[in-house]
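You will see chain A twice below: alongside chain B first, and alongside chain C after that.
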Partner chain A sequence: MEYLAFALVNGLLYGMLLFMLASGLTLIFSMMGVLNFAHGSFYMLGAYFAYQIGAMGSFWVALFVAPVLVGVIGMAVERYGLRVVHKHGHVAELLFTFGLAYLIEEVVLMVWGRQPMPYRVPEALNFPLFTLGEVSFSAYRGFMFLIALAIFVVLIVILRKTRLGMLVQAALSHPDVLWSLGHDVPRLFMLVFGGGVALAGLAGVIGGNFLITEPGMAHHVGTILFVIVVIGGLGSLAGAFIASVGIGILQTLMVAYDLRLADVLVPGLAESGYRGPFQEITTMTLANLGPVMPYLLLVVLMALRPRGLLGKRDH
Partner chain B sequence: MIRDSAAPFLALEGVHAWYGLSHILQGVDLEVSRGEVVAVLGRNGVGRSTMCKAIMGIVTRSGSVRVDGVEMGAAKPHQIAQRGIGYVPEERAVFPGLSVEQNLLLGINRSAPPPAERRWTLATIYEMFPNLLRRRDQAAEVLSGGEQQMLAIGRALMSDPALLVVDEPTEGLAPLIVEQVGDLLAEIAARDVAVLLVEQKLTIAMRIAQRVYVMGQGRVVFGGTPDALRAAPDVRGAWLEV
Partner chain C sequence: MNRNRLIAAAFAAALMPAAVAAQSVRVAHIDPFSGAFANVGALNGMHVEYGAALVNQSGGVLGGRQLEVIRFDNNANPQDAVVVLQEAIDQGIRIITQATNSGIALAVQEAIVRHNRRNPDDPVLYLNYGSADPSLTRDHCDYYSFRFEVHSGMKQLAIVDAIAANPEIDSVYIIGQDYSHGHEVSRYTRAYLAERRPDIEVVGDEFHPVGRVRDFTPYIARIQASGADAVITGNFGTDLSLLIRAANEGGLTSTIYTQYASTFGAPTAIGPDGIGRVIDTAHWTPDVWLTHNTEAGRQLVEDFERTYNAEIGSYQILVQMQMLGAAINAAGSDNPTQIAAALSGATFDAVTGPVMMRESDHQLLHPLFVSVFTDEGITNDSEGTGIGWRTLREIPASELSDDSTCQVSVPG
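Coming up: the complex of A and B.
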């Protein structure tokens, strides 16, 4: 029972971390029509910046400075890159972010190399917060959870209660109309893009030391993110939240419960010493399937409901 | 910046506009003075909506667009709007997911006078459109077509514009509602807001406009008073009647 509770909490935590990335990605998509392929790269930059600032100063400085740095880079990318490419249509924008993802990866390789970084959880939070049975929950996990929760709440308050949030919501549906009503929509785009990638950067800061900080992290998280925003429905924040937490919990549970697939499908098959077609299935575990599951979900959902769980856009 | 206060509030001279590769506006000349109601008529596809977008700077254009005597050149849509133009887009385009009141509040941009000096406030808008008051907290997308049109007009008034550019306000509305929209635009004009009304329906335009332009094939083919248009059956036959 404790085991299940822990797996659920860890899954929720992973899901909240994913939501920090997915929320920005889906907001940027629905406002600007650009699926930002480089979103995972900003997550990676956040982690590397945090490692570097942490190595020179402290994690607590990095916690604030690294996301701001990532956000400033994001605003510059929007202002001097995307906005220029925008005139040539969405395909050009898509290719631009695609190229940007590779560019960032190459720069990271040049500066920091191929090896994973020794980016560690800060000492002050490196102790078990509580223990249930034989499993302990680290203080750092609690800290990540608080940050993710705070971001979630702040995001909702901004979107629902502030004028900035109203402008963002209006720009989601009719950016040209909002622009012609006298609001500087390009500036709003820049702020949202910068804010969105700053959130990705923050996720990198708190996730990079907990998971891993290496050049492949952008690609890895990027594909999962893509799956999340498509499943949730491109442009839907609520959909992104459900998909993030859902996939986070599902993946964690599948890894936690290392059941053999055969035992789930045909009880007793594995023990029977079955030899024959598809015999590999008898040894395959749910944990093996964990990484495939999001893509499987994606394919199934697209076949049944092409606009995603809560998506509004058809095009 | 050259400013000429005797000039019409809005003046288009040789305006060309493109939609992708299509050359939609092919040299449009048009003027609207302060306080005046001007209608632009024409069949579907002659470029009426593109002209509104060209005024607002949403489409690629060339030629001269002057607002209050100032050349807009490559000005961005928000800068053009802040010069005192309220834009009511075609198909209403209210912001879904936001309430009626939030939609109205988004009509306020940086050019709006301080609250105490505004001629158009939530109170005056609600007085003019009682339906919006009743539904102020409801999501804008659940309103009827007519109510959404009132909302789009109210939204465009919130920054105290000198000119309202209204694109096809009666499209898809029931005849009774069309009359109401006409009455409202006349009332707004009576409160010293110029109106550039882009319409397909002749009756409402002829009733409230002081001057009428007829567009055909990307150009203005007629300009004059409603009476002059009534007296020109050849213009109506060639460019308006189906």
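Coming up: the complex of A and C.
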């Protein structure tokens, strides 16, 4: 029981971290029609900036400064890059972000090199918060959870309750009307892009020391992010939330339960030490199937419901 | 006329390096010098170059000729490695050195064995300074192939010995990456534990997907639940760092026995989380030369650092180059067959202790050091982390377990 609770909490935490990334990606897509390939790279930039600022100042300064820096870079990219490319259509924009992802990775390699960075969890949060059974839950995990939760709430409040949020929602469905009403839609685009990548940057700040800050980190989250926004339904925040948390919990649970595929299909088959045709498949553990699950879900969902869980548009 | 002159000029230019090369003995160093693993290639490159310089400084080979290293980029890819190997052979180079990744090493070794079978009068020598797949000298041992670092199985035996010597350990948990390397580590561990300490219970033996696990907490929870005294892993890279980080965070108190915690980048990635918790087995750590207190070792470490502004990482590469130089001189020839004959069974006084090239399978036996990751009682730290490796146990080459099961066949 404790074990299950622990796996659920960790899965939820991982899901929340994924949501911080996916929310920005799905907002940018629904508004501008651009699938931002460089989203994971901004997450990486957040982690490297936080390491650098943390090395000079403190983690707490980095927590605020790094996402702002990433957001500013994002806005500059939108203003001087995407907006220029925009008139050549979505394919050009897609290719632009694709190139940008590689550009950021190369710059990171040039500046920081290929070695992992010694970016650490701050000492103040490096203690066990509580212990379930024999495994302890660190204070930093609790802190990450709070941050992710706060971001989720703030995002909902901004989108639902503020004027800016209403404009963003209006721009999602009827940008032309908004434009003709005299609103500065390009500026709105710039803000959303900057805000979206700043969220990715923040995820990098709190995830970079929890995981490992190295040049491969953008790539690691990149693919799973696309799976999440597509499963959730492109452009749907609620869908992205369900998909993030669902995939986070699913992956953790599959690792947590040491079951063999055979036991799930035919109870007792693996226990009996079955050897024969297809033994490679029957002895496969659920933990090893974990990484495949998001992609399996993606493929099945695309076949059954191409617009995703809560997507509004069929493309 | 004009065109002819141009061709003549081009011809002369093409011949020039060949004329210079006739003076030197050329060694082709095939490694990833570009792309994702360029840093590994660059680091190995320094060692190969420095090893050649050591030979050249002490008089070169065959009465004053120089060892010349020529680099070939394999893009960390087996196919590319075989292509550049052919290029090196076409340029007349008959000594090849290559390591990093065992998949590439197997491909290169196979291509060289094929070349040597087809050209028995013009063979190529293969020097492997680190690819750790046991099968390279176990199932595929070859007269012209030499490995200068112990394979993962031999290393695992040294680890099991260290565990067996600790009476406080009653149970172990094996966790590894789900591919040949992880499985070999598990196999060797189980076999030798059964022999050395049959009372130790293996309470867990599992494999996780390679490079895909972000959060090792569930695995740590299982290790906690098993009550294992020690964890054994062959993991490297992020799979190792994340495992240790999760162990620290989850409050796991078991010691973690590793193979790759002291390799390039790992001490930085592990950091303080690993203090007192990680015990690694390797051929070299920044403090190893101190335990032997040799002047030669000190000079070597300081000079390398002065030259490249980097720490010695793969000391076995230097051993390899020095043994190559000595073998060429002993053979009195740069003919690969004669060099191979001189290398087989050769001994060398390394700064870590005497080493010996096993005749049966051309696997070098060298000292191994079991050391704990700590910030106390060390002189030199790793990668500027303030944390280093304190030697707990030294295994001289003569005491390495003799697991040789292969016998090279002498050509002719």
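Please note the rule applied: the second predicted complex is superposed on the first by the 312 of 315 C-alpha atoms of A that agree within 3 Å, B and C clash if a C-alpha of one lies under 4 Å from a C-alpha of the other, contacts with A are read in each partner's own complex, and residues count from 1 in each chain.
Everything that follows uses one rule, which is that a residue touches a chain if its C-beta (ideal position, glycine included) is under 8 Å from a C-beta of that chain, and two chains touch if they have at least 3 such contacts.
Note that the structure is predicted; figures quoted are calculated from it, not measured.
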* Evaluate whether chain B and chain C can sit on chain A together after superposition, giving fit or clash. => fit
* If you stack the two complexes on chain A, which partner ends up touching A:Phe241: first (chain B), second (chain C), both, or neither? -> neither
* Give one of first, second, both or neither to describe whether A:Phe143 is in contact with chain B, with chain C, with both, or with none. => neither
* Asked: So, A:Tyr48: does it touch chain B (first), chain C (second), both, or neither?
  -> neither
* Asked: chain B or chain C: which reaches more residues on chain A?
  -> C
* For A:Ser180, is the partner it touches chain B (first), chain C (second), both, or none of the two (neither)? -> first
* Across all Cα pairs of chain B and chain C, what is the smallest distance in the superposition, given in whole Å? -> 37
* Identify the overlap between the chain B-contacting and the chain C-contacting residues of chain A. => none
* Mind pulling up the chain A residues that touch chain B in the complex? -> 163, 166-167, 169-170, 172-174, 176-186
* Asked: Which residues, counting only chain C, touch chain A once they are in their complex?
  -> 38-39, 178, 206-209, 212-215, 217-222, 224-225, 238, 241-242, 245, 249-251, 264-265, 268-269, 271-272, 383, 385
* Would you pull the chain B residues touching chain A in the complex into a rising list? => 56-58, 76-78, 80-82, 86-87, 89, 93, 95-98, 102-103, 105-107, 109-111, 155-156, 159
* Structure fact -> The answer for chain A against chain C in the complex is residues 3, 6-7, 10, 14, 113-118, 120, 128, 131, 133-136, 138, 140-141, 211-212, 214, 216, 220, 252, 255-256, 258, 285, 287-288, 290-291
